[in-house]
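Paired with subunit B in one complex and with subunit C in the other, subunit A is shared by the two complexes that follow.
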Partner chain A sequence: MATLTDNPAVSAAAVEALTERLQEPAWLAEERRAALRTFDATAWPTERDEDWRYTQLKRFSIDGLEPTDGPADATVGDRIAMRMRDSDAEGILVNKNGRTIETVRKLEEQGVVFEDLNTAVREHEALVREHLYSVVDAKSGKYHALNAALWQNGTFVYVPAGIEVELPLGTFTTADRGGLSAGRTLIIADENAKVTFLDEYTSEPFDGHLFHGSVTEIVLKQGAKARYLSLQNWGRNVAHMGKMHARLARDARLESLTVSLGGDAARVEVESHMQGPGSESEMLGLYFADQGQHYNQYTLQHHEADHAFSDVLFKGALRDASHAVYSGVIVVDEGAQKTDAYQTNRNLLLDEDSEAVSIPQLEIGANDVRCSHGSTTGPVPEDQRFYLMSRGMQPEVAEHLLVTGFLYEVMSRVTLPKAAEYVERVVQAKLGVPGVKEKL
Partner chain B sequence: MADAPMPHPDADKLTGMQHEKQYDFQLSESYFYKSEKGLNKEVIEKISAFKEEPQWMLDFRLRALEIAERKGPPKWGPDLSGLNFDDIYFYVRPQEQQGTTNSWEDIPEEVRETYRRLGIPEAEQKVLAGVGAQYESEMVYHSLKEEWEKQGVIFLDTDTGLKEHPEIFKEHFATVVPPEDNYYAAVNSAVWSGGSFVYIPAGVEVDVPLQAYFLLNAQNIGQFERTLIIAEPGAKMHYIEGCTAPTYNSDSFHSGVIEIIAKERSDVRYSTIQNWSHNVYNLVTQRAIVHEQASMGWLDGNLGSKVTMKYPSCYLVGNGAYGEIMSIAFAGDGQHQDAGGKVVHAAPNTSSSIVSKSISKGEGCSSYRGLVQIHEGATNAKSNVECDALLLDETSKTNTYPYIEINEKTAHIGHEATVSKLNEEQIFYLQSRGIEEDEAMALIVRGFLEPVAKELPLEYAVELNRLIELEMEGSVG
Partner chain C sequence: MSENRLEIRNLHARIAGGADILKGVDLIVPAGEVHALMGQNGSGKSTLAKVMAGDPSYEITDGDILVDGESVLEMEPDERARAGLYLAFQYPVEVPGVSIANFLRLAINARRDEDDEIGVMEFYEKLQNAVKELDWDDSIIERNLHEGFSGGEKKRSEILQLLVLEPKYAILDETDSGLDVDALKTVSQGVNAARGENFGALVITHYQRLLNHIVPDKVHVMSEGRVITTGEKELAMELDQKGYDWIKDTVAAGA
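Right after this comes the complex of A and B.
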């Protein structure tokens, strides 16, 4: 069994140096110190912990990694430049090795704030102070305590009441050096506001190993709507530990999509807390693991209020001795009557050596509810492959088509065509569809 | 106030088998021997000495105690904080002589009276091939009809099984559930007493059920029966277990281990309708090893007890083996039924099915906890899991924790679960046809359980329906 150990680089001195460099206000420095104390007081997870038993912990070790202190090369690079061009985003931040290196802002309208988090701490202190750590605090677990103490930069979005931002805002996170990095995103949509946020991770090959921790807090006030897309396509020398946690007031709506395609190992936790009646959460997930990749995905649909709706659909394909875990739970509190909650996980196993684990769970404390979950795992259906081959298709082509079709159920529910196109291209490149790789 | 439910048309077949709701048959306690409270080496040595066991068994028990101490109770699952080992009698011996009798006349009058009230002797004459009865820590009665004895069927209490058939016993004992398996299996291994030892020779088909009945009468007692069933190639059998205890103010503890070895082409069914009183902690390990082309079926009914943790399991180790788990749970006020099932596919062409139906009423909580595991190389495995939960009241709770681990590309695995409440339209319809509201609710609940109940022999299905009716009584406020 892998045991994780403390890293001397995660220290009070590191916290002080960071908060000093960023010239942070005293309250934030104190929050960081408190988070470090929580980090020190929290044991490392082990494979004996129920929440971690299927996680290959050694692949999330931070042992020997130094906190990154800016990139070697502060230009955005070809890959990010291409993503910036292709992703019709209205505002873009580029973060590289813990520093914000580029900010593009096409909107300055109606009080919308789109800012790197370090700047926001200074310029929108009251808003940040009220909401930062209010959704995910250091007590959410060892890795999230680490993030709370040592996050280096990130994104702050505030959309005032009644304002609808049609085009996405996006943050592209990348790296060109190994080490330990941590980013944090805070999104606040005030009453009846609307926002779309793209959270992308990608990197070109570099030497060394990177551990990246990412925490996203989303606060949706009454009637607010948010779309959140996380596209993780790191290079193969990165371990990604992500958490997205949204809090929904009355009649708020969240549409999220979590895509895992890159990295060596990734664990993502997607949580939605429906605190107001009539709130709705759609949480989609898509993953394709190959060449021994290890993906862990956790979802929580917490129905705290009545008359709320939630739907989770996570679909993934696996091959080349890779490993994927989906574990999700619907929690319906006592009194949360008229809840409508659904949860589905489907896995496609493309080779003998891959392993899929699926744990769809229910904890229901109210009786007038409609809840169901389903999980299936199997190979590409032989009859479908046979049919396509009988129409003259090569076996590989038939498989490409069937895998794409399998994942299409998720993609067809994504309302951002450019992001959907990009995901489809990455999937096709992983499948080895001829001629796709060059377009990436 | 609602009327009492109508008796079932088949109720006359069950003379004496009906349960009084309050288990008001509590008898005086007089015992030949009662251990000190608590679990320790001395208690174990005493048990072993009483039973005049071979040294290897005493060694096994002591090793199991060490394992239990090392392991400690599980950190997951329902709240077991009310269960205090230091307050439990781990061994209670009702009578002086060791071993069982095959004549009810030889059993102390008081004990016999209890079984008479439960209707066991009548049922034995009418519908069973053999009966075993365990009272506190020891089996007191065991009999098998002559026609089966002639064919070489062995049906004994486990202690006698160890004495009279040491070779068969030692070869199979603890091979299915070793003490290392889990904490409660380790505790059972240390202090086990009683249970049934069943051996069905190759090709013998016992076509009427064997039954064992477990009874707890003393307060604060622990019952640790150990059942070992061996079905030789081509054998067929159905074993039924029933459990009950009178209601006391303090809690009792039942932790059985059931081991089944279903050899090639055999067909074994094991049915339990557990109706412990609502102060018994019922933590049981049931497991079957299923060999080539054999079929194993668990039917698990959990109606009684305070907390039940029971996950019957099938290890499908032979090509083409089949495992089936059907589970029903009824959790009333203050009850937590944590039931489920576990299937390990370790050979090609194996298939399995888990069907779980649970009902929660009042403040009751029922959980399904399950595991389906497909090992690498277990090609063309198929498994389907279905869990349906019915919640009767606003305060009722249900949880579903299915674990699915798949390591084989050719596996076809499906899992589905639904949660719903009683359908008001259906109740309204039945009422419009002149059926009382509580009878309408009971009817719908019985319909919900039908897919599982129909797998039981008629007499037991009737018994199950009757128990459900009793539990449903007073559902309409």
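Right after this comes the complex of A and C.
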């Protein structure tokens, strides 16, 4: 059995050096120190832990990795430049190996803050201090404690009450060196505010192995609406550990989409806490694993208040001895009556060497609720394959069509056309559709 | 003798591992002609259709299938389609999330060289003409392939595809089953529009009523895995009146 072990580079000295370099206020330095203590006191997950049972843990090892200290080349690079042009975003931050190397702001909306998190700690200290770690703290787990102690940079978004930011704000995270990096995003949408956030990860090939931890905290005040799209398309020498966690007040609405296409291994946790009555969370997931990739996904729909709605739909395709795990929990607290909660996971296996595990769970403490969950895992239906081939399509064209058709149920619900197009192109490139690679 | 024909020679086939369902089928459909293939349930008509298209659940134990003189036996289903064969399915399959337009564009391009994809205008013109031929609404092309389609709509879609893909030879497997009179006329109109000297079709049906609309050049009758007789279009009418036992007895008496 693989066991994870401590990395001497994750140390009090590393925390002190980081907080010193960033010239952080005392309260934040203290938070980091406390997080490191929690990290040290928390055991590494093992395959005996229910949450991690089917995870190929050694692929999330941080052994021997040094915290990254900036990129080798601090320019944006072609791929990110292309994504920046293509994404329709009003504000863009580019992070590379733990440093923010580019900030573009087009928006001039009243009071909207879009800032790298290091700067925001200084310039919007009260707001940051009130909310940072308020959704995901060091106690959320070993890897999140690591992030809380050693996050290097990230993004801060604040949208004041009543302001609707129509075009997306986005962060593009990339790397050109191996090591250990950690980013953090804090999004606050005040009452009746509206915001869209793109969280993209991509990299060109480079030597070495990168472990990237990412934590996103989303605070939605009463009536606020957020769309959050995480698009993980790292190079194959990267392990990604991501968590997005949203807190919803009364009548707030979250639409999230988590896409996993790149990396060697990725674990994503998507959590939504319906704390106010009438709040709604749509949590979509899409993945396509090939060439031995390992994707591990966890969702939590926590209904703390009554009359809230949540819907999880995670769909993915696998081939070439790839592996996917989905586990999801719907928790309905006592008193959260009239809860409406759904959870679906579907896997399409394109060959016999790939494997998908699906573990849906319900924990219901109220008696007047509507909850359902379901999961299916299976190969491409032979009758569909035969039908498409009988129309002259080569087997690879038929497979391409069946995969995109399978993922359509998720794609058709994505309300950001530019992002949806990009996801489709990456999927097509993985499928080997001719002429697509050049457009990426 | 013209080689432009669809020919089935002494064809024996079975579900993998089972007993033969086809026990020596012989049949020729010359280009430019439409033939009917009639027979009772279980006579092997639909098996013949699926075997010709290359359905992987069947195995051929003897005989041959030739398209314009060339055997397609060793070909995969997609290769057979590109060689000019088309099967209108008795039970068309639903493919979720794939629009008819996208599906047909890919099916056309599968027949063309990689650097010679069909132009957008040319494609939509072709598609819209076919839609019009079938008295259908343009919006149909954006719907997902057979998702939520009625039985009649699925059959209509099979003929739509036939019109767009322009195969050399089509096998229509009980395209009339489950259709009301109006739908039957529409579907027939589509098939008749495809008729021409470069198109041959084998229309499989139980009933004569389809053949009022698609008038066949020849009628073949199948029983117990073989074609037992072939006649002119009047044979269908006679069969309808006198029944299959009559034809079986007649053939037996003549043998």
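By our rule, the second predicted complex is superposed on the first by the 440 of 440 C-alpha atoms of A that agree within 3 Å, B and C clash if a C-alpha of one lies under 4 Å from a C-alpha of the other, contacts with A are read in each partner's own complex, and residues count from 1 in each chain.
Keep in mind that, in the parts below, a contact is a pair of C-beta atoms (placed from the backbone, for glycine too) under 8 Å apart; a residue touches a chain by one contact, two chains touch by 3 or more.
Since this is a predicted model, take the numbers as computed values, not measurements.
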- Message: Once chain A of both complexes is superposed, is A:113 in touch with subunit B (first), subunit C (second), both, or neither?
- Response: neither
- Query: Now for A:82: first (subunit B), second (subunit C), both, or neither, which partner does it touch?
  - Reply: neither
- Query: After lining up the shared chain so the two structures overlap, which partner does A:366 touch, if you call subunit B first and subunit C second: first, second, both or neither?
  - Reply: first
- Based on the superposed arrangement, let me know which partner A:398 touches: subunit B (first), subunit C (second), both, or neither? second
- Query: In the superposed arrangement, which partner chain does A:429 touch: subunit B (first), subunit C (second), both, or neither?
  - Reply: neither
- Residue contacts with subunit A in the superposition, subunit B compared against subunit C: B
- Task: Please indicate which partner A:390 is in contact with in the superposed arrangement: first for subunit B, second for subunit C, both, or neither.
- Result: second
- After superposition on chain A, the subunit A residues reached by both subunit B and subunit C are none
- Query: Along subunit C, where are the residues that touch subunit A in the complex?
  - Reply: 53-57, 76-78, 80-82, 86-87, 89, 92-98, 102-103, 106-107, 110-111, 114, 144, 161, 165
- For the complex, which residues does subunit B have touching subunit A? 76, 376, 389, 391-421
- Message: Please output the residues of subunit A touching subunit C within their complex, sorted ascending.
- Response: 381-384, 386-395, 397-398, 401-402, 404-409, 411-412, 434
- Task: Would you mind writing out the residues of subunit A in touch with subunit B in their complex?
- Result: 50, 54, 334-335, 337, 347, 349-379
